[in-house]
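Every chain is named by a letter (A, B, C, D and E) in the order it is written, and numbering of its residues begins at 1.
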Amino acid sequence: MKFSKGSRKSALHKVTEHLTGEFRTKQETGTLEKTIIELISYNEESVFMEENKPVDELLDQCDRKRKNWLNVDGLTDRNMIDRIAAKFDLHHLLIEDIMNVDHQPKTDELDDHLFLTLKMFYRFDEEKIDYEHISFVLGKNYLLSFQEKEGDIFSGIRTRIKQDNGIIRKRGTDYLLYRLVDAIVDSYYSVLEKIGEQVESIEENISKNPTVKDFQQIQKIRKEFIYLRRVVYPLREAINKLVKNENGFIDENNEKYFADVYDHVIHLIDSLDTYKDLTSTMMDLYMNTINYKMNEVMKLLTIITTIFIPLSFVAGIYGMNFKHMPELAWENGYYGVLAIMGAIFIMMIAYFRYKKWF
Amino acid sequence: MKFSKGSRKSALHKVTEHLTGEFRTKQETGTLEKTIIELISYNEESVFMEENKPVDELLDQCDRKRKNWLNVDGLTDRNMIDRIAAKFDLHHLLIEDIMNVDHQPKTDELDDHLFLTLKMFYRFDEEKIDYEHISFVLGKNYLLSFQEKEGDIFSGIRTRIKQDNGIIRKRGTDYLLYRLVDAIVDSYYSVLEKIGEQVESIEENISKNPTVKDFQQIQKIRKEFIYLRRVVYPLREAINKLVKNENGFIDENNEKYFADVYDHVIHLIDSLDTYKDLTSTMMDLYMNTINYKMNEVMKLLTIITTIFIPLSFVAGIYGMNFKHMPELAWENGYYGVLAIMGAIFIMMIAYFRYKKWF
Amino acid sequence: MKFSKGSRKSALHKVTEHLTGEFRTKQETGTLEKTIIELISYNEESVFMEENKPVDELLDQCDRKRKNWLNVDGLTDRNMIDRIAAKFDLHHLLIEDIMNVDHQPKTDELDDHLFLTLKMFYRFDEEKIDYEHISFVLGKNYLLSFQEKEGDIFSGIRTRIKQDNGIIRKRGTDYLLYRLVDAIVDSYYSVLEKIGEQVESIEENISKNPTVKDFQQIQKIRKEFIYLRRVVYPLREAINKLVKNENGFIDENNEKYFADVYDHVIHLIDSLDTYKDLTSTMMDLYMNTINYKMNEVMKLLTIITTIFIPLSFVAGIYGMNFKHMPELAWENGYYGVLAIMGAIFIMMIAYFRYKKWF
Amino acid sequence: MKFSKGSRKSALHKVTEHLTGEFRTKQETGTLEKTIIELISYNEESVFMEENKPVDELLDQCDRKRKNWLNVDGLTDRNMIDRIAAKFDLHHLLIEDIMNVDHQPKTDELDDHLFLTLKMFYRFDEEKIDYEHISFVLGKNYLLSFQEKEGDIFSGIRTRIKQDNGIIRKRGTDYLLYRLVDAIVDSYYSVLEKIGEQVESIEENISKNPTVKDFQQIQKIRKEFIYLRRVVYPLREAINKLVKNENGFIDENNEKYFADVYDHVIHLIDSLDTYKDLTSTMMDLYMNTINYKMNEVMKLLTIITTIFIPLSFVAGIYGMNFKHMPELAWENGYYGVLAIMGAIFIMMIAYFRYKKWF
Amino acid sequence: MKFSKGSRKSALHKVTEHLTGEFRTKQETGTLEKTIIELISYNEESVFMEENKPVDELLDQCDRKRKNWLNVDGLTDRNMIDRIAAKFDLHHLLIEDIMNVDHQPKTDELDDHLFLTLKMFYRFDEEKIDYEHISFVLGKNYLLSFQEKEGDIFSGIRTRIKQDNGIIRKRGTDYLLYRLVDAIVDSYYSVLEKIGEQVESIEENISKNPTVKDFQQIQKIRKEFIYLRRVVYPLREAINKLVKNENGFIDENNEKYFADVYDHVIHLIDSLDTYKDLTSTMMDLYMNTINYKMNEVMKLLTIITTIFIPLSFVAGIYGMNFKHMPELAWENGYYGVLAIMGAIFIMMIAYFRYKKWF
């Protein structure tokens, strides 16, 4: 297996690196040295959580009569993941999709479990966007979640299970999956919000005094939309598959929750498209404003040149050193020429006024 | 529920605020402090209306043998809405869609009621567009309507029910729904009309004397189209679901009414697309006119410069102070130079004439 | 019914007016003061025509065993139309579609009749396009046609029925419908032909000497395409419904005739799209030609300026009045300077030649 | 029938003439005065060909037990075509499609024969494209082909039938149809090849020294693509119908041959689209190269002007005739000014160097 | 068969040559003089490989009870290929698709074998892209592969079969097909990676100092995308057919492997589209930067001209030689004029500052 897979993955990895450029960082911050595994086993009556234990011990504690959420933070410990795969009978292609952090969002319905992979944003600021690769395996009474990096987005849900408020402990692991996916989709909104703020501030700048920097900002945002689209568009299809629920992995009563998430993804895509349209409107506006200023510059150049070049010519005439230039000897020659120049000046100004140049 | 929902809603709200920018106002005007609830219960024989009563009392008066229209103005009194939900067995996700004023138009067919949400414009002028979020729940012999703001668009229909003219009291609540939706879709036409007037006036300006302001106006209208499209396009799908009527919430005899509304929505979308095409034609026209004017400016600059610079050079020659410049001493040197200058001038003019520059 | 419908229609009417602008005229010419009704009742053996009779009398003469073509010119006499509706059991929504001259082309299959509405061009020249709204109701042995304005496009078919040549009297009213629709679709070709002539003449102008007027002409034609598309595109769907003939309103033997009309509509749409592509090619050509001319202007400006400004500078040097300027006293100083100037001139020319500027 | 059909055809003809412009020639060359009819009757054992005989005689010789290929060159002899129609029971709408040389490619499956019409290119050079309208009627053991103009593209197949090499005589008329259609589709490739050569030569010109002529060439090719698309796109649908072969006109063993032709049409369309994309790339390249040259021109103008205008001003100062100008009397005033001028000159050059202008 | 096929192929070949231009090289390097044929026959227990033997001998050694992989390098020996075709009952149209190196990727499901053809890149650098045409025929227990050129991409898989590690020898020839196709799709990623590096380096250049060369580079990459799209887009459809596996050529257990390849192709297309969007963003950036620099140039020109032309005019005034010019005789006339010039200069500078020109 080494040959083809090995070579592809390295190529694929580089492709993605190029595609995301400085956009996706080298994961210095969030990448885990160690893979952390945590089990939350619950039913309506009780809940217990286990962490920092050997993987085999945790796997043994999965009681198929209770609901088990096994959360794995970090994808570096291949051995641990292989053991989980053996326990839950996961195909090695599925494991590869879990490990491949560049994989696109998708839902696969397999024989006795459902596989869902998507991206989560956990940092988005002026400097960079950082997202991580998250995969879920939903089976009967168990939910496995694999996170690329350690994150705290699920901590709210963890607390909720512990405290037993809400209906989360009454329902199955499919409802838990909904809660987790819902939390992830929420994270997209804050990204969109950031972009919204950027768009707004650029738009204000452009309408006042557009600079090259604004244009570069617009281009940067357009690039961000290109990346976001890559992440959000396939998500629609993936969630839709959950809503259709052809193989019954989702309880019928919970279908409407995924339909709700689907609505949100549609809304996201729609907002993304709207922003994209807005940026193209902004680019038109920018271009036109720049153009307009340029025209003003050209007009000024033309006015000054057109007025003074003929005047200078007249002055040039009477600067000639011919012996016989009768005008030069006239008593009021000088004043006459000044008068003529004044007349030309006024005519020119009148002409430009008539043309509404200023 | 607080964590994920709360955070999303605030993010979502901000996103929408950005998207609509100054476009959608902060609802100072129409937002209700108090939620007003009103019940109109009618059948072919009689009608009674109740308002300003405690919600429980009103809900008790809903006689399932009569047709009941329960209209709620304002979405701030969560408690009241929860009671209505309990009475009519509405799912909490549905309630959230009613409360979420940024939700996109959609139709959902549930077990024993049909849910429809859409937007209504109630103000559209030079300064701002204001729309409100309206939701309907249609069940057997009852229709619930939830309005974000107090409005008078339904007052005509209310009067009609009271006076018992038309067929409105003879038919079921599905027909009432049609009448309300029809009134809302009508409100879109007046928005379109306003935009039509704006487009027309801009087009006239551009063909006469295009200014930057016209361009900004075009951009503003294009932005308005982007927003309108967001509201109207999903409406098509929503109404279409009503026309298809797969679960029989609409009486078969009333299907054609919704088909009629559907026709109007198609017409709206079509008009919107046509206007959009027109604005892009206008932008081309604007750009070209600006370009044309610029070319005129450049031509003038070129003509003046090209004529006078060589003439000035000639004058410059004879302004030199060399001791031995025979021409300067010639009797008619001055007149000769003037003649040469005149010749150059005429040749230049002839050249430009030949090139059809003016 | 007055409230919602009334207000919509006025809004809708204004929208359409804006959309069509000066394009669609105010119908001074063709609008009928009086609604004219005419009955042609025929079978294979005989034919009789009645006109200028009270509507009730005409309706009584409709013999359901013969084939009846009832043609109504003018849509102003609501009373007459209501009587026809009563006689043929037409729903009031259908009547509204007949009356609404802005309605888009569509086919509706109802319980016992088929409804088809479309537009017909009857005038298209330099100044304006005029089309009218035509609706057909096809039932068993009867065909109702409602024309917005009096026209003579159907007179050929009327004559044909009278003279009993062709197969028109042998076949049912569905065949008559085909003949009428076919005549209308023919009218589109002459519009397309007019536009074709305009496109051709503009293209010739542009390749010779493009002016702003040509550009405005292109824009005008593009606007015309936008309007035509609105009329022709939905027609495809409407005719297609006739071809599919799911409810059997068309005799199977006549289906191929409608398929033929459908082919023509497809050809129309295709020609429209081709013309549209051509106009965008023309715009590119126009823009480029204008651009090219501008470049020529700029080159001339640059050549003249670049040659004479250095020369003038040299002349300026020796126009200075310093006491101690040895060159001025040189015997051949003047001729030397002239030689230098000549050399600069020739070098400049050579440079521009080398750069292939002229 | 005369009225509507007559008027349409003339309009339709003019439309097509405009659309194809100088593109499609007036058919002086290939149009036949006389309609030539030729019968090739063959089976596995024998073949006989008849030409230049009266149509009725030829039709009588069609032996329904043999395979008959009746080829008609020229569409002017309506009488002859009507007789063929009578013999083979062709509907008059089908005859009209055969006669209408502007009809778009399509396949129609009728009761007992299949109708296929398409275009064939027989001349394509610098000056013009000439294509002809060809129609086929495939029935049991007979194939009718109607060519607008006399051509020799089928002569190879004719020879092949005569000489009985290949499998052509062993198979039915559906295989013959395949061979003819295949030969026609081949003719498209040579057109594409010509365009390919043009595109290549223009691309070379542009990268060297783009002129307006190159741009006009690109526009011409883009127009040619618009026309080609009109001919090739509907062909895909037409051939696809043959491949699907729903009514069994094609022998199942021969279906794969048509699938092969279909592959070629797809390849044609794909190549067409690729060329189209290439031309738009070329236009961008052209525009940019022109733009770049313009910028060079403007830079030169700016450099010369910016250097010499200040210098001339200095010279102008000391050309003034004030009585009291102390510098003028200085011993080294002249040299000082020259030095200052030299310093300005060097600074300006250094500035432009710094700005990397040359 | 010679006539039509011969002429088409030559035309088709030329078309493809134009399309790929200097892009696809004339295959000097990789084209084989000799066709090499190699048989790998294996089952779970044993494997033997045969090479450099006469084709008939090899074909005799194909044991239908073992799994046989027959790999043909080079497509020039038509005779050998015909013998293989006879042995495995391949239709001559299929053989033509194998031989036609310009054929587009596709999957055909035939009676007792499956045919798949696609392209493989084996060289892609600054100078050229080289891809080869590869076809597979998958039947019961045999897999035929036809390569246009000798390559070593399959050598890893060959070794793997020999060494019997992995599951490759346990599974059928359909799994072998997956491994080969997977290796080919991998080759696309390295091409994409190269392009990614180019895009990145151009983007850096543009943001610093855009030159015409950068623009030409962008255009070159855009052309490469056009070619890549031609190769990759139809591959999606071809692989999808394998995944659907309607006729059961693929073992059900192996379907998921092809689904995995399909995922990769989707990812490729998606990356291609993203890159395409990026290049258009880059073009906008390039254009704008160029434009911005041009504006700077024009501003400089305008500033210099606007400041010095009026000043020169003033100097010109006092350079006139009129006898009676009182200012000339004033004691401080010269200083006064210098003062006025200074004032004009400062005012102009202040104006430009106010206008924020520098």
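We adopt the following convention: contacts are C-beta pairs under 8 Å (C-beta built on N, C-alpha and C of every residue); 3 or more make two chains touch, one makes a residue touch a chain.
No experiment lies behind these values; they were computed from the predicted model shown.
Visitor: What is the set of chains touching both subunit C and subunit D?
Guide: Correct list: empty, since no chain touches both.
Visitor: Does the subunit B and subunit C pair touch with the same residues on each side or with different residues, judged by whether over half of the numbers are shared?
Guide: different
Visitor: So how far apart, in whole Å, are subunit A and subunit D when each is placed at the average of its C-alpha atoms?
Guide: 43
Visitor: I'd like to verify one number: the distance from the centre of subunit A to the centre of subunit B, where each centre is the average of its C-alpha atoms, in whole angstrom.
Guide: Computed from C-alpha means, the inter-chain centre distance equals 26 Å.
Visitor: By residue number and range, which residues of subunit E touch two or more other chains?
Guide: 298, 301, 305, 309, 312, 316, 319-321, 325
Visitor: Assign the assembly's chain-to-chain touch graph to one of these shapes: line, ring, star, complete, other.
Guide: ring
Visitor: Considering the complex alone, what residue numbers of subunit E touch subunit A?
Guide: 156-157, 160, 166, 179, 182-183, 185-186, 189-190, 192-193, 196-197, 199-200, 203, 207, 256-257, 260, 263-264, 266-267, 270-271, 274-275, 277-278, 281, 284-285, 288-289, 291-292, 295, 298-299, 301-302, 305-306, 309-310, 312-313, 316-317, 319-325, 356-357
Visitor: Subunit B touches which residues of subunit C in the complex?
Guide: Per the touch definition, subunit C meets subunit B at residues 1, 3-4, 7-8, 11-12, 14-15, 17-19, 21, 91, 93, 96-97, 102-104, 106, 209, 212, 215-216, 219, 222-223, 226-227, 230, 234, 283, 287, 290, 293-294, 297-298, 300-301, 304-305, 308-309, 311-312, 315-316, 318-321, 325, 327-334, 337-338.
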